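When the chains are written out, they are named A, B and C in that same order, and each has its own residue count from 1.
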């Protein structure tokens, strides 16, 4: 219980800190992003009512006003998901735009993380078990090299060779033109086909975290007494590796989930842009190239908060899986 | 963006206990470097890394001799595939890509090293202070470190770079360093905490040594491999982050680096013109540079953790 | 295996099976009639997905398909100014201030109601009542619109012959539906009823489709049975890849090396890149030293336009004439006394002399006045790659005459607000391209458009003000006699050449990319009946000229 309480408090405090950081950043930066934003919104055809102006100022900063009042208004807006308008997509509110993109990113990031976890962990077990041999070196060097691939670079190469040149996969989008998102099997299959290349790109470049984490844990665990004891009792090495060593080595790996998730989310910003995949990463890509501050602000907040929530959920799961932690 | 290296997480204190304690006298710097390189060389992975890094460094240093043309002159026919005169072809502006690749090594290497050094300096400072001074300072610094670790790196870098209106190479160095110091700080703080209670430190405190001397003469030398590991991790992350920022157009428009070659290739649609080499070459170079740092880091880890050394 | 595991396994298996099945099916899902007759045109940009808006008066938000559903009275070709009749069978000036349109008979709205002259009058009064709908500024020039039998008569404030083209291109909407719309400025018109050859069929977030209107007054002439508009991506490179992969019958995209990237990909791929405007270096005339004609002349003489064109558009198009006319389209209006057809050749000595007249001298490689080096910041949208390439070359060339030029590369909306508000320093922009010299000159030079700095204006954003030029424009507007029109046009060409209100550089291309696989009859160099722009009124004219391949 104290573990959960500790993690809960940490979650709330970190959440508060992230929200506050998002408030402080635009007010620290040189120039006046709020003027720029208002000007661009106007030319994009968004009516600048007093409410609109107020929303932009709360988000980005108003000179010569009480910062605490601004902060309180900012918190109120966040809770109600009021992020105003963006000039990249003036026809709908930022909250609406993000709302449409969020499920796509959740699915992409979720599927990629699961895939990278499974494959990476298995490779790590393999490498740790066969430590020092050719298999280990291959896996280690391979994982190091793949981790050094800039995700957008791999994405461009896959786009060129597998989608553009050969037509095996679509060039862009989350689904085919003319289709309207629904739950039918044909749409799901279509969405799946559109997600293969972005997911593959992200998975390959984030595998290494799992590989190394698992490999190290395997190496440490294989040196433990109970493993030696099991081997002395005549159990086959493979049995020992999978049933005992891997399972126990798996647990600390779950905490590495947070760092890996950060890598996937970060990578998705670049990869979604390359494939025009309709997720949050693509929105951030557009926002950056447009210097669209309201949209960038909102996206940064949503991405950070989502990550914090995910990590907190995993921490809770960790408590269920590892009894030792609960008593800590 | 952090890459998980072979350094075991600090929650496994057993691993760190194996750091060999050296006497208080710090050996001469040149001898020290020489010894370090020799030890690294014995590790086969680090050897590959050193060779790779060496090749890239040589290309960067001797760029004017190696590159056949100026990287920015727009004198050639645009959109050419590799020819005798332009070994990698030309950009949409008529610039020679091979020369750009050669000169680009300078910027990519410099940014990686500069951001790596800056991030390490910050990490060491914060880690040492937090580790050596328990209490409020430690709590605050630890919290800031954890917060920076948890906030996703690339989105944060993007926001920072976008808000900072000036587009210079130093903007990138600053932004990248700002987001990559946290991992190193955490590791160094752990080690500092462990060392703080060692006898040689206690005796130094009792003999009246000043704080500055204690930290830099007693504790730091016993963490060199950790600091080195932190540096190489940060440098790896820096190379990747620089490429990402430049690809998004947040780089300086006047510099030629591997990242800006990729940006230009995407803007001028090298995939459309069939010039996939313009995408392959700079990306591969970035990957090799980042790999070389990580490989060297394997050797550094092996120095500090005998269990990871090759038998 | 537990029941739960079995269910999960079944779900996964289904997903994989359908995934494999989908791999085999066609990649263009949803919509698309089988068996020919489908015209696929590269569609609008998503926002991030398409926003359904077919209000024909608000060009900024209207989806392009609206041009195939609503018709104007007549369409004036932007190439050479010839008129094609649509809802009016013809027009003439009965006196210098009265314009008479003969309205076509036996035309029906797509809901079956008859179209009459009353609808025309209603439309013009509608845009008078709601000025936000009058995007072309019609009511700045006319005083009234009335019917007389089958004709519609438009009275002008002052004689303005060329303005007939602007009046004629107003889209006509049905009175019986629009008269009950509470606020037409916000009306998204998702169930459009028009007189045009197509009606709305399906609308999805990334594509919409139109189907043929069987009661269209020239339905027999319309070849396609369906028109598809797949949305563009915000990633410009991906759009180019789509075009190159043969997805569209008609697209509008700058493609580098078009032979290699498009024509060679299929036997049926053709292209036509006519000049659609002049890419121009605009200088903010409210700022010094740009308000000094000598300084501007110096810049004009310092630039090597042929090289700029080469760098910008890879030789697709040439250096432009400083006369302001797009050649050879408008050759008949050219003033023969202009040397080299008005194309300014680079002359460094003359440039220096002009700068000297403005008080600038070369000192140590820098062009200096009062100790300060001349410098300029040139703004343009960062994704107009040919403009960026041109600006880079301009910057290099200006550097050689000692001027420090830097580039500012925001996104399009920021660029547009900057030039419209007049807060820019120098800018790359388009000049001309309406097909009518008066309109081209008027848009650029008429001081009535030159709003004060920080007040937006779409035309004459460089804020040129000269009362004698306004007078010359009025003379051209009123001229009905061809000889008088020639004289007046020549006067304005001389203004462009001698005063250099803007530095015209090279012809901007109109990037028409076509496929003759399904349809032929596209505009081309042999048959230049309009510009190949798929995002404005040309859509209607082209589609009515297509025949099945």
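Following the convention adopted for this analysis, contacts are C-beta pairs under 8 Å (C-beta built on N, C-alpha and C of every residue); 3 or more make two chains touch, one makes a residue touch a chain.
Just so we're clear, the structure is a prediction, and the values are computed from it rather than from any experiment.
Counting C-beta pairs in contact across A-B and across B-C gives the higher total for A-B. The central chain here, found by comparing per-chain C-alpha centres with the mean of all protein C-alpha atoms, is A. Chain A and chain C have CA centres that are 41 Å apart. A separation of 23 Å divides the Cα centre of chain A from that of chain B.
Per-chain Cα centroids separate chain B from chain C by 49 Å. For chain B, the set of residues that touch two or more other chains comprises 249, 266, 271. Each of the following residues of chain C touches two or more other chains: 241, 382.
Those residues of chain A in touch with two or more other chains are numbered 164, 273, 289, 291. Contact residues of chain A toward chain C in the complex are 36, 39-40, 42-45, 87-92, 97, 100-101, 164, 167, 170-173, 175-181, 185-186, 188-190, 192-193, 273-274, 276, 278, 282-283, 286, 289-291.
Residues 1-6, 8-9, 11-12, 15, 44-45, 48, 143, 146-147, 149-156, 158-160, 162-165, 236, 240, 243-244, 247-250, 262, 266, 271, 276, 279-280, 282-283, 286-291, 294-295, 298, 307-308, 310-311 of chain B touch chain A in their complex. Per the touch definition, chain C reaches chain A in the complex via residues 14-15, 18-19, 21-23, 27-32, 47-49, 51, 60-61, 202, 204-207, 209, 228, 230-231, 233-235, 238, 241-242, 245, 382, 410-411, 413-414, 416-417, 420, 456.
On chain B, the positions that touch chain C within their shared complex are 74, 78-79, 92-94, 249, 253, 266-269, 271-274. The touching residues of chain A, when paired with chain B in their complex, are 10, 13-14, 17-18, 21, 25-26, 28-31, 33, 132, 137, 140-141, 144-145, 147-150, 152-154, 156-157, 159-161, 164, 208-209, 212-213, 216, 219-220, 223, 252, 255-256, 258-260, 262-263, 265-267, 269-270, 273, 284-285, 288-289, 291, 293, 296-297, 299-300, 303-304, 307-308, 311.
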